[in-house]
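In structure tokens below, several structures.
One chain, chain A, appears in both complexes that follow, with chain B as partner in the first and chain C in the second.
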Partner chain A sequence: MFATHRTTGYNGYALQWSPFFEHKLAVATASNFGLVGNGRLHILNVSAPEAQIGVERVFDTQDGLFDVCWSEVNENQLVTASGDGSIKLWDTTLADFPIQNWHEHQREVFSVNWNLVRKDSFLSASWDNTIKLWSQNSPSSLQTFKGHSHCVYSAMWSPHSPTLFASCSGDHTVKLWDTNSPAPVQTILAHGNEVLSLDWNKYQDHTVVTGSVDHTIKVWDLRRPDRELNCLRGHEYAVRKVKCSPHSGSLVASTSYDMTMRIWDITTGDMIEIHDAHTEFVLGVDFNLYRDREIATCAWDESVHVFQPRCLM
Partner chain B sequence: MSFPSLVTGGAECGPSNPMNGLVKSFSRDRSLHQDRIGPSRNAGGSSSGFRTAHPGQQQGGDQFSQEFLQSQQGGQQEFFEFNEMTKELDGIHQHRAPITAPGGPDWALDFMQQNGPVQQQHTFHNDAQFQEFENVFRSAQQQHHGPQVGGGWQSEFAAFEQTHGGLDHALQPEQIAAFEKAFEDAKQVSQWESEFQTENPQGWAAEFAAQEANPAADQDSKEALAKTAGMLLESVDPNSSEKFKNSSFMNFMRRLRDQEVAIEGNKLVEQTTPVISVNAGSDWAASFNQQQDKGKGKATDWSNEFEQQQQKTGGSTWTTDFEKRIEQHIQNREAGGMMSSEFAKQQESSWAEEFSGVAHMAGGSTAPGDWASQFNDSRQNVAQDWVNEFNSSNAAEELEQAFLQQQNQLNQNESWVETYRKNIAHLAQDPVDKEWDSLQKDWEKHEATGLGYRASDPRYQHYTFEQNNPYMVADTSKLMDLAARGNLTESILALEAAVQKNSADAAAWHQLGLRQQENERETMAIAALLKAVEANPKELDAWLALAVSYTNENCRVDAYDALQSWVENSDQYKGVMNSVPATKGRSAPERHEYVTGLFLEAARTNPGENLDPDVQIALGVLFNVSEEYEKAVDCFRAALNLRPEDYMLWNKYGATLANSHNTTAAIEAYFNALNINPSYIRARYNLAIACINLGQHREAAEHLLSALSLQNAGDAARGLMVGASTAGAQPDGGIGGMSQNVWETLKMAMYMLGRSDLAHRCETTRDLDAFRDEFDF
Partner chain C sequence: MSASEPTQEQIYAQFESYNFDNDATFQTGLKSILNNNLGKTEKDQEDAVRNAKFFYYSRFVRNFDYQQYLAWRAAGGSGSAQETHEIQDEQQTTEAAPVQEAESSSSDANPSYPKSFQEICELIASGKPIPGIRQIPNNLAEGTPSAPKLAPKPKPWERATQTQQAAASSTSQASVAEASS
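Entry: the complex of A and B
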């Protein structure tokens, strides 16, 4: 199966499958490649087995959307990260307007991530070098984490601990944080260049995967922060996003400015799949949590692809 | 537009600020670069430049302002400091200008300020005259006498003018020769270097910031964006793939570059009459600006951004890119009459080379040096005419000529530039760069097969002994006995003495390797174990221990090799080599399959009660490597039945259990290890980690503190025995390499316990006594 959906006029930045519905896919997009102009959040329905993609709803914003994540508590809600520094909470049952708008970050918000264990809060990472902790019930952020000396591109909760999260930054480092501590509990000099993306292995609580401008993906054992376990080479330009499979401890998907999405076996270091169908930079990728062979990607070619990679068949 | 608001960073870049759109065009744009497809960070160069230059906002803030103030106050003085060097050049001085204070950054700034005039006119004379360069320079100087950049260097120039003004010299071949000679002399003057050393990159940043702080036209931001787009485009080889060739994003960048579209406010606007304003000067200055930005203590140099694949050869790669960029620049700009191709061609070689020099230096405090020298270089050869044409109306033209002229000069003096660069190369790196360099080297030591690392570290090949070992005078026959009775430190010293007396003592090497494993010094353990198997390949346990160390070092293929050697050298098991079909594959999975096959076959030959614990341990190690922890647990448990007193085996068993998420059982295993050997630091550390995983932070802290106090005791013992000289021998402190990890973990535990005060101490004083009142250890 292979399905395409056009997000005409909008370039894809990020997407996420719903943690509640196997067919719901949220896609964050921005016009003019996010350089300037509006954003649009797409809520798509992907039917199985013959993937047909329908639009459930779109939400328009004044500024480009760079990331999206579903609420882990309310199946209809999700938050988006905006270029104007705002974070918006949406309800798919309500048209047009966000139900909450937080504006604290001074610059672009580049990632949002919902707490997977306690499910009562989420994180945002911004180009203002900070990470903020939010609760959907609180009108302002609960906490601000400072420590990076450059844009923070991503902050991701550990899937195993309610208070532990990791962040990656243009300062080349990965930092580990505990919400009980205002300062990072650990810093890893992760790459020789900016680190754009990071994800936790869902099966090994000490394993983190990073993607960098240096074209590589690195696998880290947080117990041995002095050196990566493995370095995956193959992308020809910066790696924009890494995503660990929820179905296998060894599979990682990555997107890159080389216009491909690739899937890797991190235990062997082998690249086991290249998805080369996008015609612009590929930014977003996510594994469907329910259909274990289904993967979605979005790219600056204004299209969303949903398909089953050969390596998963 | 309010540039000061940019200078103060993000605080005012919110949506209410009308600057928002512009700021975003900068920063977004920058993100494209950073996220990177490519290298450049033009717009980012300016915004980051602000940010870093803003006092207090980043690390260099205060320093920079101080230094900037100093240079303002001390300008005159600096000039006189140069006197000494000036003397060296006396021969030249009779004919031409002396070397003045480092002029590079100022010049760069001037160059930027030329943007305006340059835009107006672009006639190009190939027969440029040095004189005109001076004119340009003078007019630039003039601009600088404005209040905003009141700088010391103006007074330098004033002084210079008094001394040397009005000289008018044409450049003669013999003068060039003399000039070169003078520089040969000059470069030996140490002061030369120190002068450049004192010149600080932050100073530049300040000047650039000041420059940017000038009320610039909106046009500038468009240009910046256009340039960024241009650089981004040029960082990508459009012919590299059909996709890039047909990319609408690339096309969009092209239109931005050519200013067919521009960003106004929050919109993308078609430009009916493309504004042609990009020019050599501003482009160059922008590059310079970026490069400056990167130089400010950031770990990468610009080259990294341009070509991430080759971080090692950053400078030269960058140069290549720059050349490409210039070439393209010619093609792109020629139609617009922006820049004469001749001009650009001349730039290609030497300008790029010059830049590469700067790129190298950008990381260090001497960044301006090269520029300064080259600038001075030009000045040396430039005929002085300080009186005439103060405010030239043909600034642009002259600027280009001046540039060209400088290029000519550089070509002629290339050898000098080379020499000079060599001489200052050691100043070029700052500590951060070095840090990254060493990381890079670490990386290279482990040749990536994509399947783990190979043990190519030279330290594995050479065992470094502790110096001033008191056991060296002990009776050889007693050493092994001492090694068996002493604590870890004593034992290691005794064994080192033993192998130094008899380097063919495989058993002693083997023991030494095991003790170093216990000591958390995997590298030394490998070195010792390699010696053991070299002295006696039949020292089977050494092969096994070697495999464990290689696994810990993540050198999987080497671990497989060591395990295979174990089989090959085993009289009992070498037969299985014939019964397991050999594979040619050298990849980790293939090796894993083959070696595991060997040991499974070996295990089959001794089933049931005759189970060989070594075979089980080897299998346990293999299954750990392949992350089949359940199987590994079974193997280690089987081995422990036969070797219940092996505390290192208990630790392996515990770690494997922890990896398979059986924390409770892991804790039990660690306790068994510690019952047998209470000073086994690794087991105690692992125990602490397991406690943390169970949320028992207080217990974890106590185990960590015990480990640290054990380490301290070990250090004290060694200090008493070996004397002060050892302090430097093991720079990572503590016995073994654990100390840092333990403190880090303790810090985390303190945070978990809500004791940020004590967590802070884990970074600063590291005084165990501070914890004694509250923790039991």
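Entry: the complex of A and C
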């Protein structure tokens, strides 16, 4: 069983549970599948244990929203990534408009990610091939990282280091960066096709997981970049998002254009759950940080699902 | 290497069967091209899409002579089902949506895009207005942003580390106590 919330007129792109409140869920959506038209940020309240979903607030934007991340220092604030290249900072106590709007990227911004250790900055990854580092208090970006030769789909901070982050790109590579250096410290030719998503294992230093248009998910030890530790097969189309569990070093969730969300045990390589209730591409997935069995997904079918996967019961 | 070079026809066929639909980079570029061609005639837009495909393919996949390719096409091309479909497209311009074209020309290796996705692509490609787009002022919120009231909460993996450290330190204290007793 799962609870559903309809984002009518808006196709789901990404979602994230609040790092402060176990019941708050932010969902980034775009009308017309992100091709053209408006975006909407939804702040949802999910009650337990029945998972009734209510709307706390919505914010509308001119262009589609492709990603969202909560601030790690202010419980009311969050950042969105827009199709028009803009990045907006929102305060859920203030209606209608963002409190900050940055527009430096030349093309779509596809991911935003807040620093998990120092918590003083966030990253954006764009189809203009660059990654930018931002502070919410600075009117312009602090740093631009160039090195990818195609769209950068995601840039994610290490959960263990204040300066280390990894990125993945349409150029088939994963790059490892340190904010103290403008050039990547490491490049891995990760897949035979575009790498759409990446996440860090929270319990094993040096371990990242990638998802690709080649349908596979790969697990990497960054100290041995010549070959993946494991390659997980099962998705029938491109893997759109991978997310490492905050509760276990062995669990990874993934979403795909095959309209499913799957959960994997990366130590055995087994797929241990498949959620196939969405009726269009599934894009977003996140584990609730503080209700350790709860997971949320969003899809192009204009719906958000919140549920407890059987494998976590 | 030259012995294994494909023939011109093979190159054209590869170009025509290239999976533009699944190529996120191309799809992004296409989006802006279609936006730039809003209001043009359907034929112009179709040409823009085909030119975009050639430009992209020749730059990132394999270079070939576009004029020769067009001449080959005009002469009947390979006569494949896809070719027939594209020629039909030229006559029935309502089917000019690039996604639909790509989908019909590719194998079942493609995910099936929602029907309304194709309809929107058709609207964009045909320069028709997209219903329901609202103008949102590019304003900032009035009022004072909130000040944080909550301290950052330890993440589950940080709690686990702290617990381990606490366990380790209590163990060492216990052993110290044992040793001193």
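Criterion: the second predicted complex is superposed on the first by the 312 of 313 C-alpha atoms of A that agree within 3 Å, B and C clash if a C-alpha of one lies under 4 Å from a C-alpha of the other, contacts with A are read in each partner's own complex, and residues count from 1 in each chain.
Heads up, the rule we're going with is that a contact is a pair of C-beta atoms (placed from the backbone, for glycine too) under 8 Å apart; a residue touches a chain by one contact, two chains touch by 3 or more.
All values derive from a computational prediction rather than experimental measurement.
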Combined model on chain A: chain C and chain B, fit or clash: clash
First, second, both or neither for A:A95, with chain B first and chain C second: second
Touching partner for A:Y237 - first (chain B), second (chain C), both, neither: both
First (chain B), second (chain C), both or neither touched by A:H148: neither
Touching partner for A:K175 - first (chain B), second (chain C), both, neither: neither
Contacts of A:L35 with chain B and chain C, given as first, second, both or neither: both
Chain B versus chain C as contact partner of A:H23, first or second or both or neither: neither
Which superposed partner A:K119 touches (first chain B, second chain C, both, neither): second
First (chain B), second (chain C), both or neither touched by A:E72: second
Chain B versus chain C as contact partner of A:W300, first or second or both or neither: both
Chain C clash site on chain B (candidates 218-226, 380-388 or 686-694): 218-226
Doubly contacted residues of chain A, that is, touched by chain B and again by chain C: 32-33, 35-37, 62, 107-108, 127, 151, 170, 194, 196, 213, 237-238, 257, 280-281, 300
Residues of chain A touching chain B in the complex: 11, 32-37, 62-63, 83-86, 103, 106-108, 127-128, 149, 151, 170, 172, 178, 180-183, 185-186, 189, 192-194, 196, 204-205, 213-215, 223-224, 227, 229-233, 237-238, 240, 249, 257, 259, 267-270, 279-281, 300-301
Partner chain A, residues of chain C touching it in the complex: 22, 24-25, 28, 31, 35, 110-111, 114, 116-117, 120-121, 124, 130, 132-143, 145-150, 152-153, 155-157, 160
Interfacial residue positions of chain B with respect to chain A in the complex: 9-11, 13-15, 20-21, 24-25, 27-29, 31-32, 34-38, 58-59, 241, 243-244, 246-249, 252, 263, 266-268, 299-300, 304-305, 308-309, 311, 435-436, 439-440, 442-443, 446, 448-452, 554, 587-589, 626-627, 659, 661, 689, 693, 744, 747-748, 751-752, 754, 756, 759
Parts of chain A lying in touch with chain C, wherever the complex brings them together: 9, 19-20, 31-33, 35-38, 60-62, 72-77, 91-101, 107-108, 116, 119, 127, 150-151, 153, 159, 170, 194, 196, 202-203, 213, 236-238, 246-247, 257-258, 280-281, 289-290, 292, 300
